[in-house]
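Got a structure for you, written out below as structure tokens; questions coming shortly.
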Amino acid sequence: MTSAALALSDSVLGLRPDDRVLVVAPHPDDETIGPGGTLARLSATGVAVHVLCVTVRRGRMYGGASDPFLREQEFAKACAALGVRSSVIAWIDETGTVDVCNRQRELVDLIERHEEVSLATVDPVALFIPSAGGYHQDHQAVHRAGFAAARVHPAGLKPTPRIVLGYRGVEDRWSAENESWWVHVDTTAYWPAKEEALRAYGSQMRAAGPRSIEHVDRIDSAAGASIDVGHAESFVPYRLAC
Amino acid sequence: MTSAALALSDSVLGLRPDDRVLVVAPHPDDETIGPGGTLARLSATGVAVHVLCVTVRRGRMYGGASDPFLREQEFAKACAALGVRSSVIAWIDETGTVDVCNRQRELVDLIERHEEVSLATVDPVALFIPSAGGYHQDHQAVHRAGFAAARVHPAGLKPTPRIVLGYRGVEDRWSAENESWWVHVDTTAYWPAKEEALRAYGSQMRAAGPRSIEHVDRIDSAAGASIDVGHAESFVPYRLAC
Amino acid sequence: MTSAALALSDSVLGLRPDDRVLVVAPHPDDETIGPGGTLARLSATGVAVHVLCVTVRRGRMYGGASDPFLREQEFAKACAALGVRSSVIAWIDETGTVDVCNRQRELVDLIERHEEVSLATVDPVALFIPSAGGYHQDHQAVHRAGFAAARVHPAGLKPTPRIVLGYRGVEDRWSAENESWWVHVDTTAYWPAKEEALRAYGSQMRAAGPRSIEHVDRIDSAAGASIDVGHAESFVPYRLAC
Amino acid sequence: MTSAALALSDSVLGLRPDDRVLVVAPHPDDETIGPGGTLARLSATGVAVHVLCVTVRRGRMYGGASDPFLREQEFAKACAALGVRSSVIAWIDETGTVDVCNRQRELVDLIERHEEVSLATVDPVALFIPSAGGYHQDHQAVHRAGFAAARVHPAGLKPTPRIVLGYRGVEDRWSAENESWWVHVDTTAYWPAKEEALRAYGSQMRAAGPRSIEHVDRIDSAAGASIDVGHAESFVPYRLAC
Amino acid sequence: MTSAALALSDSVLGLRPDDRVLVVAPHPDDETIGPGGTLARLSATGVAVHVLCVTVRRGRMYGGASDPFLREQEFAKACAALGVRSSVIAWIDETGTVDVCNRQRELVDLIERHEEVSLATVDPVALFIPSAGGYHQDHQAVHRAGFAAARVHPAGLKPTPRIVLGYRGVEDRWSAENESWWVHVDTTAYWPAKEEALRAYGSQMRAAGPRSIEHVDRIDSAAGASIDVGHAESFVPYRLAC
Amino acid sequence: MTSAALALSDSVLGLRPDDRVLVVAPHPDDETIGPGGTLARLSATGVAVHVLCVTVRRGRMYGGASDPFLREQEFAKACAALGVRSSVIAWIDETGTVDVCNRQRELVDLIERHEEVSLATVDPVALFIPSAGGYHQDHQAVHRAGFAAARVHPAGLKPTPRIVLGYRGVEDRWSAENESWWVHVDTTAYWPAKEEALRAYGSQMRAAGPRSIEHVDRIDSAAGASIDVGHAESFVPYRLAC
């Protein structure tokens, strides 16, 4: 991490090798588009990153169809590119009728207690959730559920992450809420890994527009400019306890 | 203005040939770094753009000295590149001791009644002022004064602009305020003009960092991405009366 | 549009004859109470206004009963008074059990693809949705769905409106959110049309209180005072791309 | 109410003997943890306090099980300690499957028209609801429903409370929203009553952590410090009409 | 105070006969335009209202000249119409050069210790200051000074008002800040007194526009509509301790 | 740092031995009342803490007089108790007439280039400044100046701290701004050091009220409760770059 203007840290918010991070993604690709470079950087420095993806559904999409099997493969490939330790998609919606935002209570339970990847199994130092201001109803529902799951629990009952960060979704500059994007992670050296992960999503990414690699490149370049590095990712720091 | 995703307008907020715009800039270069592409686009479509620059001072600066004469030349050259109709620097501070933010009342008077470029002489449809959230004390003072000058006056007493926009300053992502950047102007075709105006500021721009052309390029590219065009500039729309 | 203090425009945000506007209203009368004068002004200047009303239900109401057939008639009459080009009520809820706010995904689909009046059929320049801060759960749900539907889509896949405005609901001063009502449209000359449309809602309007014509008159008069005209309507400008 | 620094009032926001207050609590104990001291003070001065508790469910909880019968007993005991005039739990969820936040419309109806304790039966001067910023999905749903129910209604149709206050939930410092806690009620003399009510919740309170009496004591002590008294409770004053 | 929809109180926030209120006004007429009806209502019910007006200056104004002697007479007449108990203008600026916003510390001292009308001499229960969001630099300075003066002081050192309200200035809908106008005072019966006080300001009020009686009438009517009364004034409740 | 509920870090935001921190305090005691425990914790773990105190003046105060010599002694003693490496008071105002908030430009220069303790001499990793929302005019001025000084500078010209935190002032719960206090530092083990530093301020602290040790204790206990520890201090994280 060399930077001309700021002497940046070699750790991300003090996270160290063997610390554990849990990332909650509404759909496959959200873990990459927003915080992908940061996950790659964390993984590269020995931090164990685990991704709980909430759902993928079968169905018609603008510009094609969504095939859960294909999307699971893409998700696995992207997670591999980022160095993710373990990952899972919780709800495979074969009928295309599951409406995530009507399942608030189940979402909280999922994040707290999913048997493979959850607060209970990972016991993470840091939790990454979608930021509050995303325009997408599923992102809002997952944000709320992740936020509720992250409340401070009495000792011994449930793990409480000491760091909670909100990450950007695709097109999240389209938001009526102005959030405080105060954490900036230099991801210059990890842009290639992020780009590889983005490429893994052949069914989701487009040649142009908001879902293109070029679009994400521009967003991360502008974030980089704000701390005078090549690429960066910004986060909303809901909790930083130390 | 061609755009793949949105069918953008050929006018900026309905401004038409011979409409008048007044831009208030704290220092020379602020009119270029923030809204330069928009000013070039307006000028190119026949709108008359006038720039009131508040002050320039003689003195020591980080990375060199500020020579008022040189800076006036740069300012004139940049305004020419943008197609500005008339421009003036109001306060030449030869002693380097003028503190703009202790002259709130004089600033309001200046914007309302400067004899060459002001609300009184231009009678503008639109007023461009620094946005509220800039970190720089002079930008904040000029914002407040411009905002006060733009209040609705009784008919006949003083011109009231029906559009009031806040523009970005250099480094204005370094702000503790979250403003609503809701107006987006496609400036793709005018990036060359903005770049030329930026180059005119030889004493102010740097090869790298926040005051580099590359930095401004990245900011405008990210703004462009949000409406799926090459470059754009965003504004805070304090008033749009029609 | 004559105004003593401000020289107002003869276009609304640059909208021109044959431009298309889509208004999404949670229930019949919302298109009139909030933006009715603006719709009348747009129609009068040749802009094509289309209204998608989400739902009306059969059932008991405070102060009477709601009869879907009667309310469709009222809606048609009000739309005629405003000069609306086409209009439709999407969901006629004969059982009175449909809870709009549990159908977030269907709402987004409705606004994007309803076969008569939607983004797909109208391909509008401007989209009008309820503002974010309304107290009513249905208004909030329709706001969120309209906002999601208005995201920038890749070219060719779906129309993206370049203007997105939030309008007031009845009683929306009863709100815990402070929104930025920055667009003001002079509707003085169109108050009679709005009043006629309000009168069309015989089953909804009351002789006094928040649902009276006098109440709407007072709100629009105060908005008018802020730009020194007789009547005006204010909007939240979520997106103004040009 | 003696206070060294401020000469505090002997009434709470002007409420007087025989005035009526309606408190809406998502679950048993919310009426105590947030506004318990204030309710005790109101009761002691002759104001009639009524509590509508929305729901309690049978089911597994972290650290034990929830038995509706036991929790009703606890609720009754706590209400007695606070001097509450009447109280009811509306929805006993024996199956543990009721998801409050998918029943927005029923919640509004409940608060407006529950046959025992509601706006219709109590006709209150003041309504207490959870504040907007609570992290818990049920608190958010009850907040929204209470807010909607409190809108100004035409005279004769439904009671409209002239005071609407938001109270804190347990752990509500864990919030992404910054609300305006501008009302401060000196509850120093009523801390013993609040403590007794907290103790009544044997199945809910813990020896340590966020659900401990010591935790509530610390929160109320800090609120007290802000007005220089021993203990206080703070509220968000959504409406104060007089 | 009779009201159809809400059963309003006969006291304003619990203020009672012989309670004392201190109003800080930047210039003569601010005490009338914003909170005049409320002051008249308080006075009529026996509350002692005292007004500290900060400054008036000799000088050129838009639409005439400002003569301090004349303006003192107008101020006295307006205060009489509102039933104000005592009033003073602190700084008579004969030279027209005093810039209030460069005298922050002196302003705090003035509000705390002016020998005739101040916190020290009035020892008020309630303090009225301009709200934070006014566009005028003097209003902002007086707001900040009043806010600082209202902090909680140790007992015995200085009076601390238990109620602090922000009132509207003329044209304060022209504001970049969205404040929470949560207190609404029914002033229907006191509109005649307010109108008389407004008329006293012959040199300040205009026949039309923002400084006309008709403009104030419209603002107060809209505020009235929000609580279903004829006229009302709204306030920001910075502190309500009881 | 042991904690029942959260496994807290042994570093503060990743700061490590020999890292440098610059604290800017408006007056002596601000460095202790807000962030004193955190400074003690940092010092104890080998981080070098430097304090730039802006000013102290000779003059009359409520409850006594301010003697610059005495206050310098108190400041030195408090800094020693906290383990501060170096400290200085920049402006000794013997006449009591210096108004900090009219010297915005000089304040920025001071923080950037004071010859003993400044960004230039310390080249800090982290900068601590008063938070934006303090009610005191000097705190606001120092906040703005510190924020401006902390902007990202081109490499080589001036040090840019990668962490910028806002700390609380005394009585900062008396604020009209709602800031995001998202960083929580467990200071349980350092409360004794903070208490010792507070006691050093014999001329400033009081036996009761906002300036009493008991008051600070209550604030820090409530902050501690929010992360389930004994005492904590909260900060606004304006920048966390890594």
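Letters A, B, C, D, E and F mark the chains as written, and numbering starts fresh at 1 in each.
Rule of thumb we're sticking to: a residue touches a chain if its C-beta (ideal position, glycine included) is under 8 Å from a C-beta of that chain, and two chains touch if they have at least 3 such contacts.
Model, not experiment: these values are computed from the prediction.
*Asks:* What are the mutual neighbours of subunit C and subunit D in this structure?
*Replies:* Chains touching both subunit C and subunit D: A, E.
*Asks:* Farthest from subunit C in C-alpha centre terms, which chain would that be?
*Replies:* Greatest centre separation from subunit C goes to chain F.
*Asks:* Please name the chain that ends up farthest from subunit E once chain centres are defined by their CA atoms averaged.
*Replies:* A
*Asks:* Calculate how many whole Å lie between the centre of subunit D and the centre of subunit E, each centre taken as the average of the chain's C-alpha atoms.
*Replies:* 34
*Asks:* I need the residues of subunit D touching at least two other chains; which ones are they?
*Replies:* Each of 4-5, 102, 152-155, 174, 180, 208-210, 226, 228, 238-239 in subunit D touches at least two other chains.
*Asks:* Chain pairs in touch?
*Replies:* Chains touch in the following pairs: A-B, A-C, A-D, A-F, B-C, B-E, B-F, C-D, C-E, D-E, D-F, E-F.
*Asks:* Show which residues of subunit C lie in contact with subunit D when the two form their complex.
*Replies:* 62-63, 99, 101-102, 135-137, 140, 171, 174, 176, 206, 208-212
*Asks:* Which residues of subunit D touch subunit E in the complex?
*Replies:* 1, 3-9, 11-15, 125, 152-156, 160-162, 180, 182-186, 226-228, 237-242
*Asks:* Quick one: which bits of subunit B touch subunit E in the complex? Just the residue numbers, please.
*Replies:* 102-105, 108, 132, 144-145, 147-148, 150-155, 157-158, 238-239
*Asks:* Could you list, by residue number, the parts of subunit D that touch subunit F in their complex?
*Replies:* My answer: residues 4-5, 173-174, 178-180, 208-210, 215, 218-219, 221-222, 224-226, 228.
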